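Which chain is which? They are A, B, C and D, in the order written, and residues in each are numbered from 1.
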Amino acid sequence: MNKTVLPLALLMLVLGGAAIALSQRPWAPRADVVQPIPFSHRVHAGVNQIPCQYCHADAGRSSEPGIPAVARCVGCHGDGIAGGGIQPVTRPWTDDTPAAFEIQWNRVYTLPDFVRFTHRPHIHAGVQCQSCHGPVQTMDRVAPAIEINMGFCVDCHTEKKATLDCVNCHH
Amino acid sequence: MSTVAIISSFADDTQCANAIEQLRAAQVGDFNTFSPIPSHRIERAIGRSKSPVRWIVLAGGILGVLAGLAITIGTTYEWRLNAGGKPLLSWPPFIVICFELMVLLGGIFGFLGVMMLSGVPTTEMEPGYDGRFGEDRFGIVVRCDEAEAARIELVLKESGAEEVVREGA
Amino acid sequence: MAAAPKISAEPSYRDIDRSVLRVMEPAGLAYWAWIGFCFTLVAIAAALWARQIYTGLGVTGLRQPVMWAIYITNFVFWVGIAHSGTLISAILFLFRTKWRTAVYRAAETMTIFAVATAGLFPLIHLGRVWFFYWLLPYPNERSLQPDFRSPLVWDAFAVSTYLTISALFWTMGLIPDIANAREAASGWRKKFYTVLAMGWQGTDRQWRHYSMAYLLMAGLATPLVLSVHSVVSWDFAMAINPGWHSTIFAPYFVAGAIFSGVAMVITLLIPMRRLLGIEDLLTEWHFDNLAKVVLLTSLVVSYAYITEAFMTWYAGDPIEQMTFHMRYFGPWGWMYWVMVLCNCVMPLLLFSPRIRVNLRALWIVTIFVNIGMWFERFVIIAGSLTANFEPSQWAGYRPSITEIMITVGSFAWFVGLFSLFSRFLPIISMTELKEGIVWLRKALKMDRATAA
Amino acid sequence: MREGLPISRRSFIKLAATAGAAAALPGCEPAARKLIPYVVPDENVVPGVPSFFATTCSECPAGCGAVARIREGRVIKLEGNPADPIGQGALCARGQAALQGLYNPDRLAHPQVRGDDGALRTVSWDEAEKMLGDRLAAASKAGKDRVAFFGSPQGPTFRKIALAFLGVYGSSRATFYEAINQEPARVAAKTLFGRRDLPIYRIDQAEALISFGADFLETWQSPVELARQYSLFRTPQKRRGALTIGRSTYVGPRLSMTASKCDDWIATAPGAQADVAWSVLNVLVKQRWISPNSGFDLAALSNAVANFDPAATSARTGVPVETITRLGETFGKADGALAIAGTDDSSAHLAAMILNAVTGNFGKTIMFLAGSPAEETSTPDEVDAAVDAMRGGEIDAAFIAGANPVFTMPVSARMAEALQKVPFVVWAGGVPDETAAMASLILPAHHPLEAWRDTAPRAGIRGLGQPVMQPVFDSKPVGDILLAAAGRSSSAKPPWATTAAAVKAEWLALASKADGAGPEDFWVNVRREGGLFEEQHLSALKLDTSPFKAPVPAAAQMELSVYAYPHIFLYDGRGADKPWLQELPEPVAQIVWDSWAEMHPETARKLGVAQDDVIEIKTEHGAIEAPVLVASTVRPGVIAVPLGQGHRAYGRYAKDVGTNAWLILAAGATCAGATARATGKTRRLVSPLGKSDMMGRSIVEAMSIEQLARGVIPKNEAEEVTGPFEMYTPWKYPGHKWGMTIDVNACTGCSACVTACYAENNIPWVGKEGVDNGRIMSWIRIERYFPEAKAAAQAPLLYLAPMLCQQCGHAPCEPVCPVFASYHTDEGLNGQIYNRCVGTRYCENNCPYKVRRFNWFVPEWPAPLNLQLNPDVTVRGAGVMEKCTFCVQRIQFGELNAKTEDRELRDGEIVTACQQACPTRAITFGDSNDPASAMMRRREDHELRNYRALEELNTQPAITYLRNLYREKGKA
């Protein structure tokens, strides 16, 4: 009896455990991201002490931190490039379209489609970028230092007495 | 002095029980019976106390209730969510869970208890075991000194054993 | 197998053993063909389920507002079937009922497989079955847990507990018998039974703990069997829907469960005793008693139907009344009346002792009962949903081929497992039969008398 | 796709595609993996933050202003432009659905040339334009007027461009065609006032309203504006001491949605409305209920209406005499009355206009404005002339844009034949339609939302339509195509090179109108405002009372006649390619994805047909086949068929759906004598609606204005509840507690809210079969119930009200969910967490309102429709439950704004999609913890009308409805 059943039970236990464990972290960030340009956060944020929001300027006003425009790089590294983009009603429409020049950065941090994360309130609440993204200023190539899963969010929210309403992130 | 095992078999449990009483009267303690059915006569004859498995089951039941309370209350407070305006601690549902867990653990404990106390699973057989005892014969196996053997065989024969065999143990 | 030699009217222990054990001798081709047939159907059902998981529940006939239909009906039906086993093996054990011994093993086996079948349906009906484990509490980094206020969680606990406990109870009963089989068998079977018997020898020490534990298990199983179907009934009674929200559901469902369960036992045993040649162990006397249980529970169920109707009328809630009006006279009214015919009228035949022992007639009655009880669940579950609070959302429901084939598959699954069991493990408890051998002898005498 | 990217069409479509892919597999695939930065940042575009463009809606001639919400360069939602005096911030369902025209997957992607074998060959723009130029040049060489332009009116500037284009090719054959035009009204105006422009109406200034077949809440003239006015007209207010609501009467063959919101529906045969109208006038004249200074010569009038003695009219039309006299009385005695007509014969229009005139209501409830813009639409005669010219072979090249004459023109016009006679037909547009099928060169044109345009719907209002996003396909503005073609020719060039230039030039010319501001500021301003909206001035009226021809009473009504009316959502057929509109149940018939022959049970019995039997309806013009809908919502002897379906082309969503009722009509007519016979076939009419009988349950409640005046609340048949009985201490909602107040009396059933919800919340459509299988996904629906026959006198003609998640305080759906996927938020919302849902569907079983929706399959948005998806809302996958969230994403957005600006949330700052869309402002959303909020005040102001759906269940809904109001029948 035990000779046959015990291993079986153990196997099932292991498989079940694995299944559950996996289900815990389907959104593990990817450590393998290689960027099209060998940009070093260490040099910029670390050595030269450039504040994060100098480049990721939207973090404070949008859900997205924003990837700095090429012009931002060129601003320091060389002359700007002419161009423009779509313009909101506060500045009327113009027909000229920008050159279709693309740098395709790869995401390091991804969130599932059913999570509505917004940077704005976190910046406003004075949360350090590093507290979620790790010591970026020490990394040449950014790799995720922290696995951002729901537990991570919830712990911080509990600690900071922030909202714990499910719908705020899931809607 | 070497000990021997005297294997006797009986047609029904009345004789068997009777034989056991005779043995006990004859101050023979070290014996073991086999029977195809659980027989109260035999049990009474041997006259042991009630099986302690009761207490194991009780323990399991209590543990179950406690586990139920722990899980329900614990998880409720792990994240206090409002569902339909009902209070966080909604006792009636919790009772259901507690009850189920009580039965569950009680049962499991009981089963394991029996296995443990009655020494199954096991691979080696008691001396003197015989397939017939599972079928339709009641058997008594007495382990005793060679010297004692004759006397005991007599007792067994007198109390109606169909056959009595002596084996060197 | 060859026709069973009649055993003497004064059977000995050995006679019992022999006639039970010869059932377990190697089976013929017909048997394996039957098994193959059953599991082919199961395979088809499994394939359709896989497709359903892949494409979504749209492959079923489910719709607004009928969100539950055949799957849940099957769930309740099978859980109901399960109940007779525990009733016979535990409750009747506590009452020391004489005729129980010959039938309880079969009934209990049926319970196990019925629960195993029932347990599949809550999974099959899930929209995202791969997350089914969210219904159980387990530590997780999200600190999310099930809501113990939800009857579905009670279900999860009740049904799994029920499965475990009856499995243990059943195993306990089997051990001494398997020990017997061990002695009789040879070849690989001997090894097989040796392992299963776990070295049981029937010493006084073993019997002492065994009988005590068996008693206690029976004591635990008894309230459990009542609780399980009450919980199942609360899946509906706890909801506010007209036609569901009723306080009598728990006793009503339990009675129905035992009703259908015992009927199913009869339905299975009558052909089985013939096929396995154990007519001498399962005598008319046994069926007579089983039939009485069916009759009794049938009356209880009929009473429940009447009470339900009366309370609806007396409470005077127009919405509830409309739903019941739809149940009786709506487009699905015929189902209700079929149900009444099967569950209330047909069983009345069992008042006649002659029919109770006329196995062919009895068998037909119980078949009707099975059908009727399936319809009862369907009428309550799907039927009530069609006539809900919001008239603009009323609609009918038509099952899809997927649902039908999965239902068929579940029957095949159940029967297949039972057939497998019947040839590999003692389908009748030799030990208990020996204990109550006097009653068996009485029964045989009666049989022979009527035969002559 | 919630990241910055350059607004170059190529890349954003590519990215949008990845986003779409991700969206289609929620929980299986994270959002786009690539992040593409701008080359040069635009400080006004913040990825993840919406920007707004003012523009105009061009789905119908009403010309409402619109505001487009843009995310990452994609327009994701259209809403009304608050600055625009017509729509005043609201858009109808058709306007909301314009997005699906823009993103329609069947839009023409490249220019195509039809070979001799009839097969289409894709060509480059250069090739296409060269071909166009050559053929036009050839045509113009052949002589004068060999080139024709045939299209829909697309604004004054476009008109100029078209004319300039023709001028270059020595032609003047410009035709601007609207299938549904106001010709009869113009003719009437001409007769009476010697002018052809249309008056504007002020229903809200009236006390009595008679509509002679004008569906002013649905398709007639300017529905959004008129619906708004009508809701004010129906709002209870003290008139001469008594609390009343405006009294409205609808005279026509079908109980349309408009009719159903009136006090009385006088069922006449189609075409008999004029008779009734004149008869009412007759009553007024007889009774001298005439304003002294109306300027009419009574004698002349009485002669004119001599033939319309109520008795005579009654004999002809079957309308009871007392009904007519009562109409006359209420109209004549009312302080401010309005009669409008929507029939195809100008006679009714004339009568209506005279009714308004003699009662001195001109300048009050109806007015002509000074300086009305030039008439945009060609008269039927002009259209006929153009078609005849084509048929006569006088045209060598025809350019067709924006109109679908082959579909909408009556058989008698023989348009198809005419086009075959034209050697070279160019078609420019979006989804290739029946007309495109006849063209030898078809060109992809910009959707109005991608192009520059302007509108001049009426005096003092100019709408400026600016593009709101880069083109989705490889298309060009029609204007640019014309100008380019003109530019190729050797002869005189048009003044502008592009539409953009043309529009700007035209508008700069208006700069003087703007006080002070220089041209550039003006240009900036009008683009911000979405147009130029000026004071409107009444124009002096020269009433021509010279004895107009005394109208002749129509012949006695026909045995059986067919009445074809524009479908509220599909209009003349242009809506049929938009799945949202196809899946909206027509408010009265509640049928989707089909057309139907609506007939009275009596008629059905006579014809020996039953529901769903396909019948053939034959008129002298043609025959169609449609399934029967048996309902008492039409007059016996009349078969009502909606227009707009039955396309044979026009994309996957329109093709072969229903039947084309234009085929059985005479030019400009809406009805005809007909015969009908069963074909033996049947086709199931599909509707999401179950029962039409409320069974006395408190779902949509109504009370009579008399009860309201007396201050008594109607007893509901459902059990009376004297307040909730609580077992447990109620939960506290310290912060906000969101709630809604819905005025059922204001709700017209127009379903704008439903469409807005589809757009805002990424709700998939399921198609005809899906609806039939009970899988419609709409989060908000319009409940339609018929009053019980016995109670008809004490009920509105129809119960219509929006039903959405009631966000119950004691939500039955919540405690039954085993995994907390359905739970209650700290702000009183009934939250539904898609990614937690395991799909037991228990919640929907336990929802008394049946407003939860289950995803039976993985939803699909054929590209590029997926570009419309709202990035702020999760796309739900198969196996999860979903439902109305009170637009929690908007709540979230508002709260974050307040928080990051360190201030309190302002009342009215958060507006749900349905609330925003509602033309009659029937929906108010707000915080129930704030007694000062508009939402709570609305409840208190109408306390007597408060009710909650199925209140006896004590689910404590967050939504409070205000009872519908009706006037007890048989009371003045």
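In this text, a residue touches a chain if its C-beta (ideal position, glycine included) is under 8 Å from a C-beta of that chain, and two chains touch if they have at least 3 such contacts.
As the structure is a prediction and not an experimental result, all values here were calculated from the model.
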Comparison of B-D and A-C (more C-beta pairs in contact): B-D
Farthest chain (mean CA position) relative to chain A: B
Distance between the centres, which are taken as Cα means, of chain B and chain A, whole angstrom: 63
Rounded Å distance, chain A centre to chain C centre (Cα mean): 54
Computed distance of Cα centres, chain D from chain B, in Å: 83
Centroid spacing, where centroids are CA-atom means, of chain C and chain D in whole angstrom: 59
Residues within chain D bordering two or more other chains: 812, 815, 817, 820, 823, 825-826, 836
Junction residues of chain A, two or more chains touched: 1
Where chain C touches two or more other chains, by residue: 131, 143-147, 149-150, 153, 198
Interfacial residue positions of chain D with respect to chain A in the complex: 2-4, 6-11, 22-23, 25-27, 29-42, 44-49, 51-54, 67, 70, 73, 466-470, 500, 523-524, 527-528, 820, 823, 825-827, 829, 831, 833-836, 872-875, 885, 888-889, 892, 896, 899-900
Chain C residues within the chain B interface of the complex: 12-14, 17, 137, 143-150, 153-154, 157-158, 160-161, 164-165, 168-169, 171-172, 175-176, 179-180, 182-183, 198-213, 216-217, 220-221, 223-224, 227, 231, 430-432, 434-435
Chain D-touching residues of chain B, taken from the complex the two chains share: 81-87
Contact footprint of chain C on chain D as seen in their complex: 688-697, 699, 717-719, 773-776, 783-785, 803, 812, 815-820, 836-842, 844-846, 848-850, 853-858, 878-881, 950, 953
Sites on chain C touched by chain A in the complex: 131, 133, 138, 140-143, 195-196, 198
